[in-house]
């Protein structure tokens, strides 16, 4: 992209910054409120104060989450499942997307419509049949069922993203390599995949977020306290009537920080990875 | 290609033990594992107590392990139904009486008459001539609580109650706080106005009645005419206001007594909800309790272990422990005569309230009634609907909901 | 945490990954053997590339779909839980019931459908605000661009359950910040939980907050790929800002925005978390189709009926999407 010669006059700049700052405040304030609650001492969680750092701030809730609850165990379980499934999901999607991008085979359009269709199934519709299926194969109370389910569940969207990105890579690259005698899969592995890094990063991120945040399926598939993933753990802090809001907020903060960091780190690819395929202008 | 296949097969046979190690072998006559789902959560210390019971029990019976899992009430019901469908139901449930309706209708639990001597316990869930649950705790009822700093003696009638609440409402202080939008908090007053959610047959909803209308008008007047309650108050708000001393009186259940004892100490006062001045009748909060349910598919080899655990939890010793630790009234009759109740003014107040309570209906139809009352009650309390409109809509919704269940 | 529990997760997950790998290899090898050696088909490589993903998707989605179709032809509910009857008549009855009787306790299908449309239309708010923010961020020589972008993207990065629960507690009448702010400027608070209209607005507000970042990122990507030459040429012709937006930005953004808006519509239509956590299934007047489905299936245990209901929702969304695709050509760039 070329640098555009002229810049906005000062008053336009001022308005733009004012608008952006307002938008940022609206965006970040609710998140800061979680932090505020996590810092309040346990006996006064409800307050009409709007101060972001409460005057009597304390880290007791963080201490409670870390040392009195199985917080680290929940996080560990989630992390193991999530990383494994994100890697599997990515390998499944990247190969399929490549085939769909490069070959016009019979049934290709039907496949694309099918992928789109998978996004339309109401989640509530899947719960009971998936549980029955898992029970049939003895996958209840194990991580196996979840690993299989999560591995595939973000595949449609990943294929979508990756296919768009492959489309934007000219086929001449592969053709040249193949004239030199390289096999198709070697070219894919050595030439195409490295070029796809932004889209791969995005697909990985989607797979990651998808399993990291999943709650409904985990609830019925993991009926054992020691096996909880973090969403189940957080849920256990909520009682029928009373919730340990302080500990809840502290845990939420600690869970969000690494994910947000990962997200922001990969956001440099986010902008290109999501749209590359669709823009040809 | 053959080489690859052979290599894969070799690899598979090497890795097979790896994965088999994680699988659970079939249960023999030796060690037994009982999976228990409980609605008890962590926040009031009840889950920790259940876990300690399980550990103590295992210490006494080495080959029986009790695996405790907490599930929120609604999740427990949903997940139990799903698990039963797949044949992977837990071995024992520790939950509320509301579940008896759906579970018996679907044939998911078995009668307990053969398991225990029901005469030793307080009234349990009886349907179609069988007893379907073993009481762990009884009560679970709402009552009037007050902070002695503001209230020296609990009001006897609703007129006194309103006058007192009015005199206490000033600044950021409320005379009364309770969970405004929940049907469970409406039920006592409906009883006080001589109403009931079901007709004599116990399944036909009777919500479009003068009693319900008067109840709604009364609750509405507390907020709009007398202004003694917060404008909008859910459970958490009422709970916080009372704990912080910003609400002089509170209507809440026996499960919360422990927490308030801690927060208010000697300032806590407990007793009956005041007589409804218009009818001269005491409000009748729903009484139910916490129960064991035994799944219909419980394997025969686990029956004796389940029975032993039930007997352990409902033994006089453990029941007294529950009374002392969690301030819940026992389900075992023998433990009800405990001096702990006689000597404790709070527990005495709770018992006094329970005496005028009414057993909560456990039929399946009750679910439709709850869900019919809740939105209309919210609308009335938000001021967006008149009580007259609300009772009509409630009745219609309840009838529809019941028809839908069939 | 004790080491045994830690190893459980690691052991089970790596075991599963290993076996999935073995399974996929076996599939690959057999496709290769049959396709390349026996049939000598030129599409063998394609089949090898796409099969693993589609076998997985089939397992995860096709079986449940078939199950739901069968269930839709049963009378299964709590009264017929153990031995439901399957018959054509039961099926017809279930499908008929969706349109003739209340799907919940008092709301019928059409009002819920209309409300779902209204709910889904917020995607256009996501898209326009997303586009607006992207255009602001894309101004030449803007300072702190990366800081702004990092902050504006946060709602997307936060775990959704946590955001939803946070917003729910912020709609508390006494202690939530929207009402506190209103009170401070002298206005009465709003009854977000009890009032039907405000409750719906609360749901929409939350979801708009969550939905804008995705559209913003998409728009930003699109804007950055529009060559500056177009604008320079327009400047030379003396075109106004609005003309440039209308004649350059919008047409060039269409291929980027159309598929994203389509995905946004599908996701919003099917969004369960936000209505579920904000309304907590209290007010029927706030239910959209998927939450109504959840209640019918899980609160009221009407298994047969809700299977039929689910299929109708699915069919509806599917046909709507096809119409949208025809109308906007959203898939043009994808299928060719």
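The letters A, B and C name the chains in turn, as written, and every chain counts its residues from 1.
One rule holds for everything that comes next: a residue touches a chain if its C-beta (ideal position, glycine included) is under 8 Å from a C-beta of that chain, and two chains touch if they have at least 3 such contacts.
Just so we're clear, the structure is a prediction, and the values are computed from it rather than from any experiment.
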Problem - Required steps from subunit A to subunit B (each step between touching chains, minimum) - result: 1
Handout entry: Of B-C and A-C, pair with higher C-beta contact tally
Key = A-C
Fill in the blank from the handout: Averaging C-alpha coordinates per chain, one finds the centres of subunit B and subunit C separated by a number of Å equal to 35
Handout entry: Distance between the centres, which are taken as Cα means, of subunit C and subunit A, whole angstrom
Key = 14
Exercise for the section: Mind pulling the residue numbers of subunit B that touch at least two other chains? Expected result: 22, 85, 236-237
Problem - subunit C residues counted as touching two or more neighbouring chains - result: 8, 12, 15-16, 172, 174-175, 298
Completion exercise
Where subunit A touches two or more other chains at once, the residues are 46, 128, 132, 142
Handout entry: Residues on subunit C engaged by subunit B in the complex (per definition of touch)
Key = 8, 11-12, 15-16, 18-19, 22, 25-26, 29, 32-33, 77-79, 81-82, 101-102, 104-106, 172-175, 189, 191, 193-196, 282-285, 296, 298-302, 305
Practice task
Going by the contact rule at the top, pick out the subunit B residues touching subunit A in the complex.
Solution key: 22-23, 35, 37, 39, 41-44, 67-73, 75, 79, 82-83, 85-88, 90, 235-237, 239-240, 243-244, 255-256, 259, 263
Handout entry: In the complex with subunit A, residue positions of subunit C that touch it
Key = 1, 5-6, 8-10, 12-17, 20, 43, 45-46, 49-50, 52-54, 56-57, 59-61, 63-65, 67-68, 133, 136-137, 139-144, 148-163, 165-167, 169-170, 172, 174-175, 177, 180-181, 184, 209, 217-218, 220-222, 224-229, 231-232, 252, 255-256, 259, 263, 266-267, 269-270, 272, 289-290, 293-294, 297-298, 303, 306-307, 310, 313-314, 317-318, 321, 331, 333-335
Handout entry: Sites on subunit B touched by subunit C in the complex
Key = 1, 4-5, 8, 11-12, 15, 18-19, 21-22, 74, 78, 81, 85, 102, 105-108, 180-181, 230-234, 236-237, 364, 367-368, 371-372, 374-375, 378-379, 381-382, 384, 393, 396-398, 400-401, 403-406
Completion exercise
subunit A residues touching subunit B in their complex are 43-46, 127-128, 131-132, 134-136, 138, 140, 142, 219-220, 223-225, 235-244
